[in-house]
Amino acid sequence: MPINYYIYLSIALFCIGIVGVLTRRNAIIIFMCIELMLNAVNLMLVAFSKMHHLKAAATDVATTAGTEGQLFVFFIMVVAAAEVSVGLAIIVMMYRNIHSVDVNFLNRLKH
Amino acid sequence: MQNASHIIYLIAVLPLVGFLINGLGRKQLSKPMIGIIGSGVILASFALSIWVFLQVKSGTTGTVHYFDFINVGDLRIPFEFKIDQLSALFLLIITGVGFLIHVYSTSYMQEEKTGDYGRYFSYLNLFVFSMLLLVMGGNFVIMFIGWEGVGLCSYLLIGYWFKKQEYNKAANKAFIMNRIGDLAFLIAIFWLIQKLGTVSYDQVFTPANLAKLSTTDITAITILLFAGATGKSAQIPLYTWLPDAMAGPTPVSALIHAATMVTAGIYMIARSNLLYSMAPLTMDIVAYTGLATALLAATIALKQNDIKKVLAYSTVSQLGFMFLALGCGAYTAAVFHVMTHAFFKALLFLGSGSVIHAMGGEQDIRNMGGLSKKLKITFITFFIGCIAIAGIPPFSGFFSKDAILLSAFEKNPVLYGIALFTALLTAFYMFRLLFITFTGKFRGTHEQEHHLHESPATMTIPLIILSVLSVIGGFVGIPEALMHGGDKLTAFLSPVINVHEGHPVSHSTEYTLMGLSTVLVAIMIGFAWFKFRNYQRSEATGFGKVLENKWYVDELYDKVIVNPLHQFGGFLKNIIEKKVIDGLVNGTGRLVNYGSRQLRLLQSGQVGNYILLMVVSMVIFFVIQFFLRK
Amino acid sequence: MGITQILFLFLSVVALFSALMVITSKNPVYSVLWLIATFFAISGHYILLNAQFLAIVNIIVYAGAIMVLFLFVIMLMNLNKESEPRKNRWLKLAGAVAGGCLLLVLVAALRDTDIKLQKALVNQGNIGLIRNLGKELFTTYVVPFEISSVLFLSAMIGAVVIGKKE
Amino acid sequence: MNALLLSAFLGVIMMFSGILLRSKAAVRNLAIGGLVLLLVVNMLELCGTVFFPIDTKGMIVFDNFALLFNTIAFAATLIYLLLSARDMEKVGINYAEYFALIFFILCGITLTSSFKSLLILFLGIEIISIPLYILTGSDKRNLKSNEASLKYFLLGSFSTGLMLMGIALIYGTSGTFDTTSIGAFTATAPSALMIAGMMLLLFSMAFKASVAPFHFWTPDVYDGAPTVFTSFMATIVKAAVFIAFIRLFDDAFGFRDKQWRLFVGILTVATLFIGNITAVFQQSVKRMLAYSSIAQAGFMMLALYAMNTDAKEGLLLYTAAYSFATIGIFAVLIKMKDYTFEGFNGFAKQQPLLAATTTIFLLSLAGIPLTAGFLSKFYMLKATLGTGKNLWLVIFAVVMAAVSVYYYFRVIQAMYFKEGEGQAIEVSRPFKWTLVILAALVILLGIFPNLLLQALYF
Amino acid sequence: MIPVLLILVPLLAGMASFFLKNDKAVRSWALATSVVTLVVSVLGLTVMRSTDNLQFSCEWIQTIGSRFSVKLDGMGQLLCLLNAVAYPLVILATWNSPYKKPNNFFALMLLAQAGMMGVFLATDALLFYFFWELALIPMYFLCSQWGGNRRIPVTFKFFIYTFIGSLLMLIGILYVYANTPDHSFSMESFYRIPLSTKEQYLVFFLMFIAFAIKMPVWPLHTWQPDTYEQAPTATTMILSGVMVKMGLFGLLRWLFPVVPYASWNYGDFITPLALAGVIYASLIAIRQNDLKRLVAYSSIAHIGLMCAAAFSQNISGLQGLMIQMFNHGINIIGLWIVVELIERKTGTRKISELGGLAQKAPVLAILLVIVALANIALPLTNAFPGEFLMFNGIFSSDSKYNILFIVMAGMGIILGAVYTLNMIRKVFYGDTNELTVKVQDISWNEKWVLFVIVGIIFFLGIYPQCMLNETAPFIGPIVEKINAVKHFFNK
């Protein structure tokens, strides 16, 4: 499968994530969009890892080239999980105080 | 004259010492003490001057070099005194007349408080000191030092009664007018330095160096020097300070006008006569300026009613004559007139001083009259002075003025005509003064009248001496026409001053001229006698008013120069400085503040906007990276 | 074209569509569900790329744990269509345009890179298998693995600090 | 390596100390002791004694540069704890946890200062960020604190996304995460993919270092966070990020400077401009310091721009100077009730010693000679000029430095020249002495920078 | 060793006096220190003239090739002496003026002295810059702590203004440094470096702006009158007497020899500015009603003349400048002292409110007149030789417009006479008024300070050569260098 397809696909997902971040006001949704961006990255990494593997395999069949890419994805998931736990905690705390998750209410600090 | 070098400096230093003693000890010393010290030092240096004069006469001249004043790179300005015929002569005049004036002052200033008395004499001594520095200086810089020194002293003396602000104004005027001239002098010096790298007379006035100077150089330098002279010697356009200088005590006026300050310009030009002889253009300028000044001042003097003002303008006028002479190349004549003028003008001033003394400070001649009965000596001496200045033979004035007229005639008969006319005016206003003051009936108040008295001996004796001098002073320069070898002065000065080669006039013409002038002067005196024998006060009208107001020259200067500068200063102070320059500086600060106030609005507090801005800038960067730059 | 192409296209379309639905649907709960769908599609891609381990982890961690967590939070706050805040139109538009531009720029920039001819190995190659990954992870990548524990510790403390009532 | 393990370990210890130790003083002393230990151990490593030689497969390399920076960071943290640890009590109940988080952050710092693999960089940045989100929000009752932490979190994770995308693209072309080999690769084959990745990394790092136009989070977060923690993240963390920044671009993209130098230049100018100009009009000293930290970041960017040995030395010096001074100022600020400029009026009469030291710190920040601040700025300018033909950048920087004088001196003016009774604040004697020592340190570094820098040349 | 002492004595003494509490003690301490400094500098001028006494150098920041090297050479000598002479005079003259927190006041004063000494002594560019700022900072605090009521904004303007300048200078220094072959800040390598024309122009402006602001040259002068007016008089004396000389000194030591061609080439551009400043300032001074501002503007005028003389770049001009820097320092301090006395005695600085002081305080009047006349460069006062040489230098500079320049400068001295004499007239002459009637004459310390100043004025006015001999060997090389470059570029 041509690598370009994967690149386009994940960039598209990534940008959709960004658009989401830009167009929504609900903190949780924004956060979800960020997760979407991360997943786009994951997909791209996996695709690349396979690509490099293919490239390496041309010379050496038993190569493990490309593993690092997938492991990186693994680490990204790890971090994402940690982030989610903290992030949701913060959002909940926020909600406790102002009973809203609307980021537009975050405007005490400015100028 | 190395043998004399160890005492030459005393001539200048003695007055300085007097200045220091009187200045510092003015509180402690008693009045007579002060007077004795003040006059004594001058007398001493007068004696020395005579000694020096004899030395010079016996032919030993030279330059005495003391220490390096400034020595930078290849420019060396030593502190040196030059003793030659010219300076020796001036030394005599200065110290001699100066001494008499000191003596005179001792009683004239009696009423002053001791402290002020001391201050007065210290100033006088300082004045003499600077003047001596001026004439003894062996190079232009030393001359300049003395030059500014006398300016300073005139400032101090004119403003001697510093409680009266208008006196101080007069003092400032004198100083500043002089400064303007001094600047020109200074530039001339720099010009010399730039071209020749030296300012010492001995090196400047050598054929080799003079040859180095182009015509433009010489013309420029001479004109600048002359501009300097106009300041010091009160010529057009810088003469207006001199009449105002009457603010000072009368002896001071005598000192300034007769012996010292004003003659500095003449001395300077006479000193650099070699330069001038090489610059015909400048010569003309000098001549015409001098003549114009003479005429202008004479006309003004016609209508003045302040006894000292009249004399002041007559001084200006006489100085004009001297410059005329210089302009005509008759340096000797000019110096000659300096000498005679020193005598009779000092005489006249001191006489007027005695009159004022008698009148209890009254200076307006319209309030005088008939003083001849009460003030005999004063009257006689004053009369002699008038004759001398009017130029009746054989009084001193006659010879010097005749020499000047002659030189004018040689240059150009028209000049002669105007000069003669001016001379007649001189005779007229001097005798007007004489008659109004001393003849007719007394017009003052009664207490003035019975307060009238002859001045004490310390004042009259100088008068007598001076009157004698103004009678016989002329005999040192009897024209060749009248007596072979009579012109001793020219002979004496010949080493310093090159005798000018005009086309000499025949003796017959000379006789005619002398006769003409004498007769006309006599007629003028008669006319004055007829007109002012018994004078009634009358308001000047029409042209007379213009003359009385000195052609409104002062007003003109105020309008054209002083006020505009003042306005401009205010404009700079209030508009340019405050609004423009400082405005720019502070404006920058305000701009930053404003920018800050606007820029912080970017920090809207909205997460959405933040991310949007970030994304937009990312897009921009990507575009630049991938599509705009190659 | 072969089955893989079809699958690829199908999964891509699903992923993109559900991603779009995530950001467009009014109701947050729907957004979550659509996001889960997206993740499933992505996991599908992983399987297609023969990276089973990641596919599984993705399902378990993301779709399973994280998204459920999201769902809980949303339900806890019972956010719904009505309570959902709206950005004003222009800002939305601006955001969309900005994102679109970024997409365009990136695509245009990466259209022809030096690797555009290369292919990603599909449904074969065994690097994605647990055996291989596990070996790598606990030999070469053991240090980062341990370090990530620090991350979790801090996250845990964080959750405590933030969540604990005072 | 020593520091890495020890800091993580200490973090765990502190985590439990909350339960084991009753008194807060004990916890605090434990933390300080641990930090001293950490500092010592790290310096030992700097001298060449490594306790746990662990093979990291070349993902982490502790070279002098890294170790020296760690030393600076630990030292700064130590001073920070000595000055402000007591004030953490005011923030909330989880006293011990705060220390734990701080230690974890230090662990992350050791990573970011010594990474050789993008993976470690990523982990390091995250290990720094996540605890910071928490510390920012740790004052739970305070809405500002909440807001700050949520903003920080959202923006932060967004930038993480960017960073990951960048890493992915780079991996796509080079097929490795090892910065050195990436550098080798970029030296030969530049590709659009690589450049795009590089720029995304640039952006995300710029975000972490609060470089305009990615700085927006900084003022709000610094302002909202509890002042104690603002002090920490504005100084040590920011410094660490910069070290990572320069390290990354030196190792990985050193050869591709044509592609990024222009943008670094633009970012620098923008940062200097926005930071300084915006700070001028602030009314609260705390927020002013937030902006000033942006401005200082702009100066540190010059090091990145120049990217030569001078720049690296200078950056170390700069981080030290900047951290010390800022920590000092914050330590005083924390004691204050009123954070506005007026709050400082007549402070010199109230607390002459504190005022004097604060003045020294402010002078240092303003870059007045005889303070470390000057020499560090000096190094930056020198490095930038060293690369040649960017005089205008330098002049701009200098003009902005002059602007910075404006807002720093407002504080000095308030303390000394403005009339006012000054706030009555009570400070312990040790606190004063620590401040004095810190001030002395600032001046010492300002006169003999070599004391610090020669450690690089062992 | 001498130069190190010159810096260390005031520095350490200054530090120490922070901790003195008693007012009299502080004053005496400061006075003692300054006298010691004076003695040291006199020693340096007279008996201990061997080179190893007059210079010192040691490692400082090896990594960037900067050494702590100081040298007391003919160029710095006069200014160090001035600096050393000024302090005792100032401290004595202001002995009775009260300060709150006198310990801090004198401490800062001494620190400033150390800084200025360093500026005049440093032969290492970085060191020079250090001291340049070290002199500035205490001044800032002095002015805004003890100044008048508009002090804070005014002094701050002064600080920012000069600070921007010095930062630009720093860039200039760095730029030159970056081009030195041996990467060192030492004066020698700075002098040796040949920069291209373009670079020279660049460096010239970067550094000249700093010096121009410090001097100050029109139109960068607006900080100066306000500062002089607001600052405490003692500080003002130091500012105008010694500190402004730093700018001129900088020209001579760090600008002309480093970028000779640019310096020569921009002469015709700078000189008119400076001379325009002379006329401008004089005209404003004529209209000033505030004594302090009047003196401030007269100072601007004099500095303008000096700047012009500096750019005449021939022996005469520079020699004149050297001695004039010293003399102007002495004279202006004298003037300030008088102003201070008048203000203290009458409580006003408004010329229009004064008058007739000469009757009440004759000694003061005489001394003022002398100082004032020195200020307008009357012959036989110290200012005359200096101005004479400077005028001569300006006139004989190889500029096409030297006639114009000399006339402009001449306007300066005429206008100078105008405002000085008017000031004397209005303040001292005329009749007394209710303000001045109760004034009594000056006390012993003020009298003696002024006597010393007058003494210096006359001595140097009559025998300036003693100073000229000192500076001659150091002016020559600069001029030669410039001439060499000039000829090189001309052909």
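To keep things simple, chains are lettered A, B, C, D and E as they appear, and every chain counts its residues starting from 1.
What we mean here is this: a contact is a pair of C-beta atoms (placed from the backbone, for glycine too) under 8 Å apart; a residue touches a chain by one contact, two chains touch by 3 or more.
Because the structure is a prediction, the values reported are computed rather than measured.
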Q. So which chains are sitting against chain B and chain C at once?
A. A, D
Q. Farthest chain from chain B, comparing Cα centres?
A. C
Q. By count of C-beta pairs in contact, what is the leading chain pair?
A. A-C
Q.
Measuring centre to centre with CA averages, how many angstrom lie between chain A and chain C?
A. 5
Q) In whole angstrom, what separates the CA-based centres of chain D and chain E? A) 43
Q. Between chain A and chain D, what is the separation of their C-alpha centroids in Å?
A. 27
(Q) I'd like the Å distance between the centres of chain A and chain B, where a centre is the mean of that chain's Cα atoms. (A) 98
**Q.** Numbers and ranges of chain C residues touching at least 2 other chains
**A.** 87, 91, 94-95, 98-99, 102, 106, 109-110, 115, 141, 144, 148, 151, 154-155, 158, 162
Q: Identify all positions of chain D at which a residue touches two or more other chains, and write them in rising order.
A: 119, 123, 126, 130, 133-134, 137, 140-141, 151, 154, 158, 172, 192-193, 196, 219-220, 406
Q: Send over the residues of chain E in touch with two or more other chains.
A: 160
Q: Determine which chains touch and list them pairwise.
A: A-B, A-C, A-D, B-C, B-D, B-E, C-D, D-E
**Q.** Complex contacts: residues of chain E adjacent to chain B
**A.** 157, 160-161, 219, 222-223, 280, 283-284, 286-288, 314-316, 319-320, 356, 358-359, 362, 373, 378-380, 384-385, 388-389, 391-392, 395-396, 406-407, 410, 413-414, 417-418, 421-422, 425, 428-431, 463-465, 468, 472, 476
Q: Would you pull the chain C residues touching chain D in the complex into a rising list?
A: 106, 109-110, 112-115, 140-141, 143-144, 147-148, 150-151, 153-155, 157-158, 160-162, 164, 166
Q. Along chain E, where are the residues that touch chain D in the complex?
A. 60-64, 129-130, 133-134, 137, 141, 144-145, 151-152, 156, 159-160, 163-164, 167-168, 170-171, 174-175, 177-178, 202
**Q.** chain C-facing residues of chain A, complex
**A.** 1-9, 11-13, 15-26, 28-29, 31-33, 35-36, 39, 42-43, 46-51, 53-55, 57, 64-68, 70-71, 73-75, 77-86, 88-93, 95, 100-102, 104
Q. Given the complex with chain A, which residues does chain C contribute to the contact?
A. 4-5, 8, 12, 15-16, 19-20, 22-23, 28, 31-32, 35, 38-39, 42, 45-46, 49-51, 53-54, 57-58, 61-62, 65-66, 69-70, 73-74, 76-77, 79, 84-87, 91-92, 94-96, 98-100, 102-103, 106-107, 110-111, 115-122, 125, 127-128, 132-133, 136-137, 141, 144, 148, 151-152, 154-156, 158-159, 162-163
